[in-house]
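Each of the next two complexes has subunit A plus one other chain: subunit B in the first, subunit C in the second.
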Partner chain A sequence: MPQEFKKQYKEILEKYILRQTEHNLYEGQNISRQLIQKNISPEEVISIHKASLEEIMSDLPEEVWHSFDLLIEVMVRYGLALKEHQTLIQKQQNIKMEMELAANVQQTLLKTKVPNLVDLDIGMISVPAKEMNGDYTHFLHDSTHVGIAVADVIGKGIPAALCMSMIKYGMDSLDGAETNPVIVLDVINRIVEKSVSDSMFISMFYGKYDTSKSEFTYASAGHEPPLFYCSESSSFSELQAKGLLLGVIPNVKYEQHSIALKKGDFVVMMTDGVTECRSKEGFIEQQTIMDIIENVKDQCAQEMVEYVFHKLEELQDFEQRDDFTLVIFKKV
Partner chain B sequence: MNLRSSVDIISEWDIVAARQLGRNEAKDVGFGTVDQARITTAISELARNIYLYAEKGNIEIKQISEGNLKGLLVIASDKGPGIADVRKAMEDGYTTSGGLGAGLPGVKRLMDDFKIETVVDEGTVITATKWMR
Partner chain C sequence: MNISVELHQKDLLVVNGIIKGEIDAFTAPILREKLSEIDLKENLQVNIDLTDVSYMDSTGLGVFVGFYKSINASNGHMELIGLSSRLKRLFDITGLGEIMDIQASSGEVKIDETV
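Our next item is the complex of A and B:
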């Protein structure tokens, strides 16, 4: 197989020895591309060079031919390193493909349907930083209630994603959308505490909207506080609720609060991928995020979350460091 | 045709002796310069492993033939610690190679057939063959 290149190489070499033009060098470059494609190793190339030279200038001193043998010996290891490099790249591609498959499985597994309600407009976006998402959003609903869970595993990638699956099964074990936020957090906390290693922490927010009372009830396990926008006063405030992260200790007392939502009011729930956005100048201020949201407060909730994501993406020069989840509940 | 010869590997200089023996035999079989360099590199790697990890061992070189096919068989044996995780030792990018393409995966690439038998605390026998094309 290297024989087919030998003739070609010899011609190029012959021309170059005669005239050292850029054109002849360029032909050398082109044949090197073919050699690499055909997996011809460096030591083989030198052997081709030696053999070609022997035919072109057979009267060279013996010492020159010996020097090529040394070069061949030296290049054997380069050939090995190259082959190893090639297999490692192949391996990496396989891993990447597996990750993409796993991400698909995760997406199917954690799929949640955004409920449709008459008086509540819901928008949701969740974009992972790597293939797998460590943020989790889940909706529960019946005719009069919508429950929303937003959770974030401290950490990213595969371990975080595996952890999420467990929360999903915890959520599935709950009775329905009527369940109070403190009870939801209590159940999930016990599951997480039992099954997750001490080094893994999960923050979670749970909110429940009651359509009959237009009331939003919530509790938090160390999660990023949601923003509440009061349309009457055109102002934002944080919905604070004390509570320890999930999985630290089995018995935790979570605080539960309620607010009434009036027309035009909305609640913005998020993960720290939103609040910890960084631009070149440092963290993006909460005020900036509020301003961005306020710009689009009159659009529908889905348009709002997408706008905020794209704006923050822009501010970060399109480099997303953390999983990003944003949910808006807007009273209409 | 059944020519056998071997070199005991005790000091680093024995690696050179094993290479020399391998090269002579490879030349004798009729291998070209590139294949000679490959066989010698493989022998080097095997002898070095013995020297570094088993302290004492042996490299045996044998000219072989199968029908019209001529080849060279290299047997590296030692009574060293053995290899606990062969799969890992055969993995690319594993510590002994560190991206330099050496180690056992390198030997496997340089030769045509490669076989490893190892028992922890008893030793290792690696058999590698190169056929002439």
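Our next item is the complex of A and C:
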């Protein structure tokens, strides 16, 4: 251990005392790397230095040797700090591994399948800003209905991820895709309100498409309003519906509205990761987002959401600050 | 990534606060900590001026919801004043504007009227 380095160190020291060249100094840097790798503490290094010097220049005055003893004592704390640092690095690596595992479990647990319908083209993209996604999308569907929940858990990371399991639990307890949006929000609000801490809450949009009537019915719990594109008038409008965030108070009245979808019409549902995009010049305006979407309105829904994501990513200089989710329901 | 939070105990039952800067995931914990220092006496009135808040995201909303809940539990009242149109929209979309006492900044209201 330190002994094997002692011989090596002594040689380097001898050379350097003799000739103070760059090269000889560089040898010192090299051995320092090896010493760190072998976990040799700073005070041990000074002991090695002192012992080597004693052999090279034994005639140094007594006072010099005493001074080394003091230096060794001073370095002891540094040695302890170094050990602590190494333990922390190890711990951090473990936590990182656990986080990756948890993110995988979350993805498997919350996986939702995009339904396949004849008259409705669905596109979806959800990209987390960090390992864990705070946005949540869930589909319910039967032969005539598709239900879509787009939610954003406020608060990020692990607590947010755990919160999402609660939404999933609430959705699973419903009667199926035919359930009215206001009922869905009411059920989930009651679950969340009982179980969530004071400063954590969820914004959620719920929409239901009825294939027999080509009708889209929706309600919102404090969520970013979706955009509706009317192909006849080539214009966008917001689908507003009043309703408080989930988890703030137990009894909330949610508004519910319906619109008919005609061929070429589409609904763009999103989270605030889309609307709160910031470029160097400031916020990206809603009009910009509409323009981007309109550019690709004739492509399939999946191509549309991917295009919008990449365009906004570009505008933000590829610095994604928030989880990003975009879902398009397009009547074909 | 900067925020300044000033709280002034005006009298026994009134606290005035001024927040400046950005309220996001980085600064929200600072704000939460500051607000938690307020001694929530029965019937306390807390007025918070957000005129110089240039940006707030949902994490910031979370802090105010948390504070709103705890001050209500002690029969107190929170009022947020000087909201920019962007902040006002955030409170309106989330439905919080209907349950909380919020006031848009006078300048912003004028701009809204001319639109």
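Operating definition for what follows: the second predicted complex is superposed on the first by the 331 of 332 C-alpha atoms of A that agree within 3 Å, B and C clash if a C-alpha of one lies under 4 Å from a C-alpha of the other, contacts with A are read in each partner's own complex, and residues count from 1 in each chain.
Heads up, the rule we're going with is that a residue touches a chain if its C-beta (ideal position, glycine included) is under 8 Å from a C-beta of that chain, and two chains touch if they have at least 3 such contacts.
Because the structure is predicted, anything quoted here is derived from the model rather than measured.
Trainee: Given the alignment on subunit A, is it a clash or a fit between subunit B and subunit C?
Mentor: Subunit B/subunit C on subunit A - fit side by side.
Trainee: One more residue to check, A:85. First (subunit B), second (subunit C), both or neither?
Mentor: First partner only, subunit B.
Trainee: Thinking of the overlay built on chain A, is A:43 touched by subunit B (first), by subunit C (second), by both, or by neither?
Mentor: Once the two structures are laid over each other on A, A:43 reaches subunit B alone.
Trainee: So, A:249: does it touch subunit B (first), subunit C (second), both, or neither?
Mentor: Second partner only, subunit C.
Trainee: A:154 in the overlay: touching subunit B, subunit C, both, or neither? Say first, second, both or neither.
Mentor: Only subunit C is touched by A:154; subunit B is not.
Trainee: Looking at the overlay, what does A:100 touch: subunit B (first), subunit C (second), both, or neither?
Mentor: neither
Trainee: According to the contact criterion defined above, which of subunit B and subunit C contacts more residues of subunit A?
Mentor: After superposition, C is the partner touching more of subunit A.
Trainee: Considering only the touch criterion stated at the top, classify A:72 as touching first (subunit B), second (subunit C), both, or neither.
Mentor: first
Trainee: Under the stated touch criterion, which partner chain does A:175 make contact with: subunit B (first), subunit C (second), both, or neither?
Mentor: Touch status of A:175: no partner.
Trainee: With the two complexes overlaid on chain A, check the angle at subunit A between subunit B and subunit C, Cα centres, nearest 10°.
Mentor: 90
Trainee: Quick one: smallest Cα-Cα gap between subunit B and subunit C in the superposed arrangement, Å?
Mentor: The answer for the closest subunit B-subunit C C-alpha pair is 19 Å.
Trainee: Inside the complex, what are the residues of subunit A that reach subunit C?
Mentor: 152, 154-156, 197-201, 203, 221-225, 242-245, 248-249, 252, 272, 276, 283, 322
Trainee: State the interface residues of subunit B toward subunit A in the complex, per the touch definition above.
Mentor: For subunit B paired with subunit A, touching residues are 32-34, 37-38, 40-41, 92-93, 97, 99-102, 105-106, 109-110.
Trainee: Using the touch definition from the top, list the residues of subunit C that touch subunit A in their complex.
Mentor: 25, 32, 57-59, 61-63, 65-66, 69-70, 86, 93-96, 98-99
Trainee: Quick check: in the complex, which residue numbers of subunit A touch subunit B?
Mentor: Residue positions touching the partner: 43-44, 47, 50, 69, 72-73, 76-85, 87-88, 91.
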